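Pasting in a structure now, in structure tokens, and then I'll have a few things to ask.
Going by the order they are written in, the chains are A, B, C and D; count residues from 1 in each one.
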Amino acid sequence: MPKKTMRDAINEALHQAMAADERVFVIGEDVAGGNGSNGRIGCAGGVFGVTTGLYEKFGPLRCIDTPISESAIVGAAAGAALVGLRPVAEIMFADFIGVCMDQIVNQIGKFRYMFGGKSKCPLVIRFTTGGGFSAAAQHSQSMYQVMTAFPGLKVVVPSNAYDAKGLLLAAIADDDPVLFFEPKALYQVACEVPDEYYTIPLGQAAMPREGDDVTVVAFGQMVGRAAQAIDELEAELGITCDLIDPRSTSPLDEETILESVRATGRLVVVDESPPRCGLTADVAAMAAERVFHSLKAPVKQVCAPHSPVPFSPELEAAYLPSVERIKAAIRETAA
Amino acid sequence: MPKKTMRDAINEALHQAMAADERVFVIGEDVAGGNGSNGRIGCAGGVFGVTTGLYEKFGPLRCIDTPISESAIVGAAAGAALVGLRPVAEIMFADFIGVCMDQIVNQIGKFRYMFGGKSKCPLVIRFTTGGGFSAAAQHSQSMYQVMTAFPGLKVVVPSNAYDAKGLLLAAIADDDPVLFFEPKALYQVACEVPDEYYTIPLGQAAMPREGDDVTVVAFGQMVGRAAQAIDELEAELGITCDLIDPRSTSPLDEETILESVRATGRLVVVDESPPRCGLTADVAAMAAERVFHSLKAPVKQVCAPHSPVPFSPELEAAYLPSVERIKAAIRETAA
Amino acid sequence: MSFNREQLLRAYRQMCTIRVFEDRAHAEIMNGQIAGFTHLYAGQEANAVGVCEHLGAGDTIISTHRGHGHCIAKGADVIGMMKELWGSSEGLCKGKGGSMHIADIDQGILGANGIVAGGPPISVGAALAAKIRGRDSVAISFSGDGSVNQGTCFEAMNLAVVLKVPAIFVIENNYYSEHTSINYAVGCKDLKARTEAFGFPVFVADGSDFFAVYEAAGKAIAHARAGNGPAGVFCEMGRFHGHFVGDPEGYRGPGEVKRLRQDFCCLKKFRARMEQTGELAVAELDDIDAAVNVLIDEAVLAARAARRPVAAEVATDVYVNY
Amino acid sequence: MSFNREQLLRAYRQMCTIRVFEDRAHAEIMNGQIAGFTHLYAGQEANAVGVCEHLGAGDTIISTHRGHGHCIAKGADVIGMMKELWGSSEGLCKGKGGSMHIADIDQGILGANGIVAGGPPISVGAALAAKIRGRDSVAISFSGDGSVNQGTCFEAMNLAVVLKVPAIFVIENNYYSEHTSINYAVGCKDLKARTEAFGFPVFVADGSDFFAVYEAAGKAIAHARAGNGPAGVFCEMGRFHGHFVGDPEGYRGPGEVKRLRQDFCCLKKFRARMEQTGELAVAELDDIDAAVNVLIDEAVLAARAARRPVAAEVATDVYVNY
């Protein structure tokens, strides 16, 4: 199978979704690029190049550049979805949810409920998420944990190129609004990705490692680090773990997690967001409530400190959960 | 001691803070009311009347009406705080964080960190929070659980008039930005409130009930319901509980909670927000991580369903955690 | 502009329906029959009707917190609406939305909206969909004189120009946002000019005169339908009730509401014109008044009798599937 | 407007310092010495300097993602800035902020800002503080031609008019927001007019001409200081580097950057004028160039040698106390 980076896999998904369904269009800042300039329209494909080629292929009515007006971008996607199209909006950095949160949370996320189940709002909003770029406090937040709190929205965070393609195609085909968070630190990471169209259902976890001693749940960028930690621990100490990558945080594949914890009795949850009201607490609390009697040791949360994301590379490295910290947590839990 | 409603207690706190420190001013929509009209300026005092009398007492430079521009309101407070004033901004409903989240989360909450500890941003933003008014999906959210996730902000949610006054005066005197969530369903509830100026430190929980069997942690509007549940259970079954009202969710008085759980071995957490990535999970996970070996039973979360807040009074009553549901959770945990 | 009898009868009936609906809702709220926050549109009817009488099935509107009038004008079922105010599961939104979220997607009503200026960006999206699909439908958003100061509203206006989509921004100046006058909250001297500076024409009318609104809205809609991009409508009008039911209205000048009800009542103006032109007889209008009163009586009775929601309904209708 | 020698020397030195700082930062980023996203101001120096030369200790500025120039112009220490770009704990922000968040509150610099149009509302607050305290200070916010389409920017403009505070909105039109031209992203024909429609005067200047900017900014600042409320400055200028370092610049027309560097270089224009008027000698300007190059060399050496932060510093400086 061909190897593709996550960036290319997502780009391919967008091409295939747009080719398959003429209701799909993309909208966002510089998703084409060059509009109004003396240069080439379509020169950008998003600042990370993820929408490259869509303008050439599908033209200005389906690859739409906008001013820097995130509320209007999201609102425009919402309105188009309400009347039957299937927009894919791009918000460059998840941090910019700050300037368009109302449209996402109070509008899109609530239409169906407020309207008594009589509307559908099938759209996807793509964001880049997370740290690893020394992009500092306003361009490095994960935010998916915060959006998981809001009923009416679905939230996806892939950890590899293969999943990213299948999940995005599923998200675009989904009749509910989906927030799709792309860990920007993984854009250049490649794995085997089929050329054809395929979907991965939302709400279904992957289990990239299976083992007996500890259940490790990790999200997005942290899945790779958790896998490395697990592999090293197996080699070093013979500890084996289930590694669960929920892939979507809403819906969350609770059963896969609970079943694993029932078997191992030990749980470590890893996420790069700060500790308060996040996904590590969410999953840990679920276990403490629903499989308490299976638990043999304290549940462990490995996450960022309660601070904004720092700029300096050394500080950011200390901020994000490292393979070492994950290993230490697994070791302690298994002890 | 005189009895005062929460509305009056907060109003008194604002009067006293403004009288004590000329750097304090209030700003928001209709905090005075009547500007530009043929009627009386100062006619409103906020839509809930909480800022009544401030315009008459302190004049137009310290009780400032604004257009409906929440980002600009919060930003204006932020800028004034950065240069040395101590603004108290009013955002009418916590739900409106949607239209000003960037200013709160990415600006105010991060200045000090991004600027290497060289700035202070001493401001308070007051919001009404929570359900109970049939105000439906866009005027009933709690939101304090979401804001707790963001480092750099302090978050307060009082459960009674006495605390509201002391906490607000502490918040205004605090050198960090404080988000102050006022449960609107409690505005008309009265208790004894001293006339004089006093403060209640942030990060220090109250324990309105003490007992042996179960630790109950409840937030804001839910504290009263939890107290009723506990009182009924004591009368009916002789079960006694510690009831902990954290009063601020950030900082959270972790020690008081953990100490109580160490003693009771049983924990029920009650909040009116939906279940995902909220405060019930936050507190439950903390217990499962840090006092796991003291726990004798599954930790219980009592919260709203994963849905927006409904309009219909019957539906809203079913949505918010009831005394009955809290009792059932305590009973099960104690069993 | 000329109207046939049917059009005239229909316009009057629509305005009258809104008025009676609102006045009755007011009474029922005062009686404690309707919960929540309700904002009444009485006094502004000519604006909603003057705009919506131009619209067809493919066109959409999106409303504000003050949504009843727009919904009725665009064809929402008043009985379903009244049941919704009552919080019944037979309501237009199964009692989940209430006054601030009344919607009827099938009628092209993208909802009342509890967030000031929540609607305009969404409306730009509906307009964009029309452009993408090559249809000639238009998308209307209603905004108040206060709402136009919210950032989302400005963004929507600029985006509509950039994308050249058939979005119509209807600005209803009822002089107040809550307790604050437009004279204070809109900093510039001329809101029409500020709006036009975004790059589209704004047509002005007396918002208490159906014929004037109809004409201005017609120009705006024709402009947009013809593919010229967005347009605006700007009308002044009086709000007869408080901002919300229970508002003490300390911001009103002496005799203000009385004067508004006297001089800026669209029903009175409509009747006066009919008397002048003879196009419709007084008796015909009286008949409409009577029929509308019967309809609203029925709606209230139906709402009172309608099924109350049960707890199991709380968590449904959140997702299509989850 | 007349300038004494000291003023002229200072203005040139400030512009030159920005240019050399930026070109060096560019080189060091290409070398892999500086991490993160960096946006360079080279080509726009006259704008920052022309505005900031009017300001005193009590005045504040708030910048954008493209913040180095504004910070230097308002008096930030360039060595501390360079250390900050390097992510050192000796940096102006202890390495926690980096290029996008350089700030120096004591100098009245309320920070570069990674959020487009994050600054204007905050600047209105600083201006409001001046009004409340009865001081005559002004608060400057810089915005790009793309940033003016963000809702927060519009809200800030209207609020400043409503509150009549001394906020100055400086709009830097460098023709692009990222890869998109102002011709596309600003829907209206005339951005100056759209801005003025908010209710304050906007003064226009050639942003590559220090003297022109200084004059326009002077009018705006005088207007605001005198208690007349906000004002604007609107300048065109060229951005010599890409939007961010690494930008392939596919949106540029043929020869565009070369032409900008040729015709819209503030240093060249300044030197040409000095030659013409004889106010300063070429040698004096050459001396400044040399001195500035020495300073920036020193800054880079200092940044390379500066203390690296350690893990324990990650979670400090979040709160005053917690």
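In the analysis below, contacts are C-beta pairs under 8 Å (C-beta built on N, C-alpha and C of every residue); 3 or more make two chains touch, one makes a residue touch a chain.
Since we're looking at a predicted model, the values are computed, not measured.
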>> Give me the set of chains touching chain A intersected with the set touching chain C.
In response: B, D
> Measuring centre to centre, with centres taken as mean CA positions, what chain is farthest from chain B?
Replying inline: D
> How many angstrom lie between the CA centroids of chain C and chain D, rounded to a whole number?
Replying inline: 45
> Taking each chain's centre as the mean of its CA atoms, how far is chain A from chain D in angstrom?
Replying inline: 35
>> I'd like to verify one number: the distance from the centre of chain B to the centre of chain D, where each centre is the average of its C-alpha atoms, in whole angstrom.
In response: 39
> Residues of chain C touching 2+ other chains?
Replying inline: 93, 95-97, 101, 113-115, 118, 149-152, 155, 158-159, 162, 184-187, 318
> What positions in chain B touch 2 or more of the other chains?
Replying inline: 66-67, 69, 71-72, 95-96, 98-99, 102-103, 106, 113-114, 136-138, 151-152, 305-308, 310
> How is the touch graph of the chains shaped: line, ring, star, complete or other?
Replying inline: complete
> Along chain A, where are the residues that touch chain D in the complex?
Replying inline: 29-30, 33-40, 43-44, 47, 65-72, 95-96, 98-99, 133-139, 305-308, 310-315, 318-319
> Across the complex, what residues on chain D touch chain B?
Replying inline: 60, 62, 91-97, 101, 103-106, 110-111, 113-115, 118, 120-129, 131-133, 139, 151-152, 155-156, 158-159, 162-163, 316-322
> Taking the complex as given, what residues does chain C use to touch chain D?
Replying inline: 149-155, 157-162, 184-190, 193-194, 196-199
>> Looking at the complex, which residues from chain A come into contact with chain C?
In response: 25, 27, 61-62, 64, 66-67, 69, 71-85, 87, 102-103, 106-107, 111-120, 151-152, 154, 174-176, 203, 251
> Contact residues on chain C for chain B in the complex?
Replying inline: 35-37, 87-89, 93, 95-101, 113-118, 146-147, 149-152, 175-187, 244, 248-254, 256, 308-311, 313-315, 318
